[in-house]
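The two complexes that follow have chain A in common; it is paired with chain B in the first and with chain C in the second.
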Partner chain A sequence: MTLHDPEIALKATEQTDAAPLVVIDRVSRAYRKGKVAVPVLERHAMTIAAGEMLALVGASGCGKTTLLNLIGGADRPDAGEITVGETRITSLSDGALTDWRGRNVGFIFQFYNLLPALSARANVELPLLIHDLRAAERRARVDNALNLVGLEDRADHRPEEMSGGQQQRVAIARALVTDADLLLCDEPTGDLDQDSATRIMELLSLLNEEFGKTIVVVTHDPNVAAYAARTVRLTRPEAV
Partner chain B sequence: MRLVSLILRNAARSRARVAFTLGSVVVAFLLLGLMLPVLRVFDSRVDFADANRLMVLNKASMMRPLPISYGDRIAELDNVSDVGHFTYFGASYRDPGNEIPAIVTNPAKFPDLVDEVAFRNEGTLSDWQSDPSSIAVGRELADEYGWQEGDLVPLYSSIYTRSDGNPVWTFRVGTIFDGATEDSVTNSVVIPYGFFNTERSRGKDTVGWYAVRIDDANAAETTGEAIDAVFENSPNETATTTERAFAKSFLNQIGDFKTMIGAALILVFWTLVLITANAQMQSIRERFGDFAVMRILGFRKRRIAGMILSESLLMMFAGGVIGMAVAAVAVAIVAANGEALLALLKLDWRDWAIGAGLMAGTGLVVAAVPATLAARQKITDGLAEAL
Partner chain C sequence: MKTFKRIRTALVISLRGLGRRWWASLNSVFGTAVVVAVMVAILAIGAGYSEAMKMAEVDDAYMILKGGVRSEMESTLEGPDVRLIESELGGDAAAEVYVVTSIEDSEGEPVNVALRGIGAGSVDIRPGWTLSAGRMPREGRREIVVGKRAQQHFGGLALGDAIRLGSASWTVVGMFETGGSLTESEIWAGATPVQDAFDRPDAYQVVIATPQDGESPQDMQARINRDDRLSVSVVSMADYYGEQARAMERFVSILGYGIGSLMALGAIFAALNTGLGHIKTRAKEIATLSILGWTRSSLTVALAIETVLMTVLGGLIGVALVHLIFDDRLISTLFFAEDFTQIVFDFEVTAAILWQAVAMAVVIGLLGSIGPAMQLRRLPVAQILLQRR
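Right, the complex of A and B next:
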C-alpha cells in the first residue's frame, strides 16, 4: 500500500451514514494558565461512526489531543456530554470511568508509553491484569495480539531492545489485546521514520477494515490523515 | 505475569537504587535486632528485682559490711516477714581471671527468699542445707564445667582468705538448682554462711547486705525508713531500698542505657525513613508516566496506590528480615560465647514482632505520600511527565 494523496484525504470530511459510536455534544474544555482560562474546545459537537477511521488535524494547541482524551475518558469536559456506544461516559464516576476505559478503549501514543521494565509480552498483557481472566487465556490473547502486529519473535524483548516502529507495534498490540472497539491514536507515527510510519498506518487501516475497529487518529501529518476515511480539522477558540 | 510480578519488576527497575535502599534497611534492622535483646535483658534484670524485697546496705558504701546481729533486729519490725543476708565471695575458678558469681548466704532461707531459682531435687537440697561445706551450683555453671553433686570444687576468693591464709576454698557440690523461668540466670554458686564465717580470716560476723521480705509492697518506703531509723547514729548506718529501685539505680550508674539505645534506634530509623522516602519518591516520580499509562489502561487509583504501598512494604520486609536474621545469628554467637547477661541475649518472637511492626509501619509511612500523589495525579499530567 502506498500513502494516499493528502489533498484528497483532507477533503473527505463529510459525515458518514453509519450508526454513531461516539457522540460529542457541545463539549467545552479550558485549561488555566495562572488566572487566565485558555479555552481549548468550546461547545464542540461531532459524531464518530462505528467502524469509522477518523483523522483529527489542526494547529498545535487546537485541542486534538484534548478531544482524544475526552473521548477516551482520560479527561473530563468542563461542560457538555460524551456518549460512547450506550454509555454516557461524562456521567460515570471516576472508578466506573476507569473500568469502562479498560474494557472499551485502546490508546496508542506518539512515544509508545511502554513500561520500560517489562518485556513486550508483559506490556501487552498489562491491560489484562485487571480483567478476570485465567493465565492461559491471557497468554493466548497476548500471543494473538503479538502475531497480529508481527512481533511474536520479539515477545521477550524489552522496549529498549526494539526500534521505534516495533515499540509502536507493541503499543498497538496492547491496545488490541482487550478487544476494545475504539482505538484512539495520538500522533502514532510522530516519532517514526517514514517506512515505519507507513507500516503502522497500514496496520491501523487493516484493523479498521478487517476487524471493524473504530479508529481516531490525531496527527499533524497529511500523509497519515490520508489513511482516514474522514478528516476533521479543529480550530483554536478565542482566549477568554 | 501477575500483579505481584509487576510489582517486583517495577521495584527492581533501578537496581543500583534498590540495592542501596535495601542496604540501608538491612543495616537499620540489623541494629534493631542487636539492640532489642540487649534492652530486654536490662529490663528483665529490673523486672526480676522484687518490689516485695528490700535491700539493706551499709549507708557509707555498698562495699562495707553490716553486722550479722542486724538481722534479728530487722526481723522484729512491722511489715517484715523474712530476713536473709548475702555476702559477695569474689570467686574465681581455675585461674584468678576466670571469675564466677558466688554469694554467701544462709541455705535454710535461700529458697524462700530468692524466687528466681528452683530446687527440683528435695533430697540434694536438704543435703546442701545440712552440709556446711557444700555449695549449691546453678545449672548453667554446672553444665559449663561438668560439675555434678558430690564433686569437690576448689574456688579462689579474691576477697576472703581462710584462717590459714589460703585463698582457695574447697567445697563439695551439694545440689544443682535451675531457673524458675526461662530467663533466670543460673550461672552462680551459693555458699553456706556458717562454714564460711567460721573459716574466714577476717570480717567475721558480718554480711554484705540484707534481703528483707515484706508483706505489703505499698509500705516498702516506710518500712525502709523504719529499718534505717533503727540503725541511725550507729557505727554502721543502713541505707534501705527496694530491689527494683536498686537494680534501676545500678543500671543508671552505667548511664541510662535504655534511653541511649532508644535514642540511637530512633535516630537510625529516622535516617532510614528519610533515605527510603527520598528513594521511593524519586522512584515513583520517575514512573508518574507509567502510572498514568496504567490508569489509562484501566488500573484504578486504589490499585495504583496499592502497588506502590506493596512495593514499599516489600522493600521493608525484604531488608528488615535480612537485617534481623543477621542480627539473630550475631546475637546467638554472642550468647553462645558470652557470660552472665550476655549469655541471656536472644532474638525472640517479641523482637520479631516489634521488627515486623516497624517494617510494616515504616513501609506504609514511606509510601503514603508518593502513593497518594501517584493515585491523585491527572492522567493527562502524568502522560505529559512521561514525555
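Right, the complex of A and C next:
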C-alpha cells in the first residue's frame, strides 16, 4: 500500500478541520516513452483543505510536479476528477481552464520564469493585463504585492539586475497579485542559497498564516517541507 | 473582448522583447524587403510602360496602315495611294513616314529610335502635343524636333546639336512634350526630308485620320477600300497602343509575379525560420504567459500578427527602397512591338502596386507563421517551466 492509495490520502486529509479547497478523485496520469506508457499517478486521491500549507515530497519522477500541474490546471489527467473550490476543473474546456487558472492559481517555479525584457513591476503586473482592471487599480495591486514581498525599491529593475532570491520574491508577488487563493510552488527554493531559501519559506508561511492562502509546495528539501503543516510523500507506480 | 485583450497584450509583450532578438527579426524583415522591392520594381516598369502607351492614345484618331499589316514598321503606303486616301477622307488626315534609325545613347551605345516624318496635320490631330522649346522644322530642311524623354535619355539631342540620321546630318531645332507618352521617345521631322534621307521617295507608313461622327475603324476601312485601287487596314490609335501595352503588361506581370513568387518562397522560409527561432528563444516567455492565463490561440494569433507586422515592415522598406533608387528615373526599353525602337518612360509605382506589395508581405507573413504557430500549440508548457533556460 502506498500514499497513492486513495484511502491513505483521504485519511491524511481527514486530519485537517477546514473545508477542502482541492479534491482529487482517483486521478491517473501517464506519459508515453515511445510505445511504453509510463504511469506517474495512478488512481490518486487526496484533498487539500482551504488555508492549508502542504508539502509534496518523494523521489524524482514520483509525480509531485505532475500532481501540482494537474491541481493548477496546467495539465489534464488521463482519468479521474479534480475539483478546486466549486469548480470541477477537469470538465472545463481548454479556454475556460486557462481562464480559471489565470484567476485562481498562483504558480511559483524553481527558476522564477520572469520575462527578462520586463521590469519587476511589469512582471508582477502580467497576470492583471488580461483582466478588466483600470491602470490605477493594477498599479495599486502591483505596489501592494511588491510591498508584501519587500521589493518596492526594486520595482523598476529587470530580473537580470536582481539576485535569485529577489527574483523569486518577484515571482511570488506575481502569484499574489490576482489574490488567488491557491499558490502552487514547485521547488521554490531549489535554486537559492540557504539564507534566501529561508526568507522565501518564511514569506510563504506568512502568506499562509496571515492571508489564509492555500499553499502546496513540491520539494526535495526536508527543511522546506518542515514549514508545511502536512507532508504527503508520493511514490512512483509500477510501469506497465 | 477578452480574447482580443489577450492577443493585444501578448503582442505588446512580445514586441517589448524585440530588442533581444532583433537580429533574427531583421532576417524576415529584409528577406521580405528584397522580395517586395524586386516585384514592385518589375511591376512599376510595366505600369510606367502602360501609362506611356495610354497617353499616346488619341481619342477619335484612327491609323490607316497597308492592308493586312499590324504595325507602322511593316506598313508602306505609296504616295498615289495616300493621296487617294486623303481625297476620300477630306482634310482631317495626316500622312506620316515612320523610320527606325540608330543613334547613340548617353553612354555611347547604339539604340534604335523612331523618326517620324510628319505632315501638316500631324500636330493638330494630337491634342496633347506641345512645342516646349525652340521651333518647328522648316519646310524641306533637315531639321528635327525631339521628344522631351528622348532628349533626357539619349545623348546629343540638345537644341542646336547636329546628329546623323540615315544618310544625312540633322539639326535639333526644337523639343516637344506630350505629357510623358510614348510619342516623347520619338524624333520628328518633315516627311519629305525623311523620305529623302532614307531613300523612300513618295512613300509613307501611316495616315492618321479623324473619323466621321460614329464611324468605326471597320466602317472607315470599308469606306476607303471601296476604291479597288486601295487596300488598307484601319485601327483606332487606342487599340493600336492598347495592344502593345497589354502585351507588355502580360510580360511584366508574368515576370514580376513569377520572380516575385519564387523569391517569396525564400522569404516565407526566412519568416518561418525566424518564427521557429522565436518559438525556441521565447519558449519560456510563451510558457509563462500560457500558465498565467493566456490561451494558446491568443498566443498563436499574436505570433502570426507579429510575423505579419515584420513582413509588412519589410514590404514597406522594399517599396521605400524602390522609391529611393528608382523614383524619377527614366527607363528605356524596346517598344514591345515589331519595330524594336527604344521608348523611354517613368517608373510608375501605382497605388495598386503598393497594395499588391503589402498583400504579398502579408501572405509571406501568414504563410511563414503557420509552422511556428503549429509548434507553439505543441509547446510542452509544464516541462518548459521547469527548465532553467
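Here is the rule we go by: the second predicted complex is superposed on the first by the 226 of 240 C-alpha atoms of A that agree within 3 Å, B and C clash if a C-alpha of one lies under 4 Å from a C-alpha of the other, contacts with A are read in each partner's own complex, and residues count from 1 in each chain.
The rule is short, and it goes like this: a residue touches a chain if its C-beta (ideal position, glycine included) is under 8 Å from a C-beta of that chain, and two chains touch if they have at least 3 such contacts.
Quick caveat, the model's predicted, so the values are computed rather than measured.
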| item | value |
| --- | --- |
| Partners on chain A (chain B, chain C) - clash or fit | clash |
| Touched partner set for A:51, first chain B, second chain C, both or neither | neither |
| First (chain B), second (chain C), both or neither touched by A:20 | neither |
| Contacts of A:125 with chain B and chain C, given as first, second, both or neither | first |
| Chain B versus chain C as contact partner of A:101, first or second or both or neither | both |
| Partner chain in contact with A:109 - chain B first, chain C second, else both or neither | both |
| Shared chain A contacts, counted only where both chain B and chain C touch the same residue | 69, 72, 74-75, 94-95, 98-99, 101-103, 107, 109, 111, 113, 115-118, 126-127, 129-130, 174 |
| Residue ranges of chain C touching chain A (in the complex, touch as defined) | 2, 5-6, 9, 13, 16-17, 19-20, 284-285, 287-297, 381-382, 385-389 |
| Complex interface listing, chain B residues touching chain A | 1-3, 5-6, 9-10, 12-13, 289-290, 293-303, 378-380, 383, 386-387 |
| Residues of chain A defined as touching chain B within the complex | 69, 72, 74-75, 94-95, 98-99, 101-103, 107, 109, 111, 113, 115-118, 121-122, 125-127, 129-130, 135, 174, 178 |
| Chain A - residues contacting chain C, complex | 65, 69, 72, 74-75, 94-95, 98-99, 101-103, 107, 109-111, 113-118, 126-127, 129-130, 174, 186, 191 |
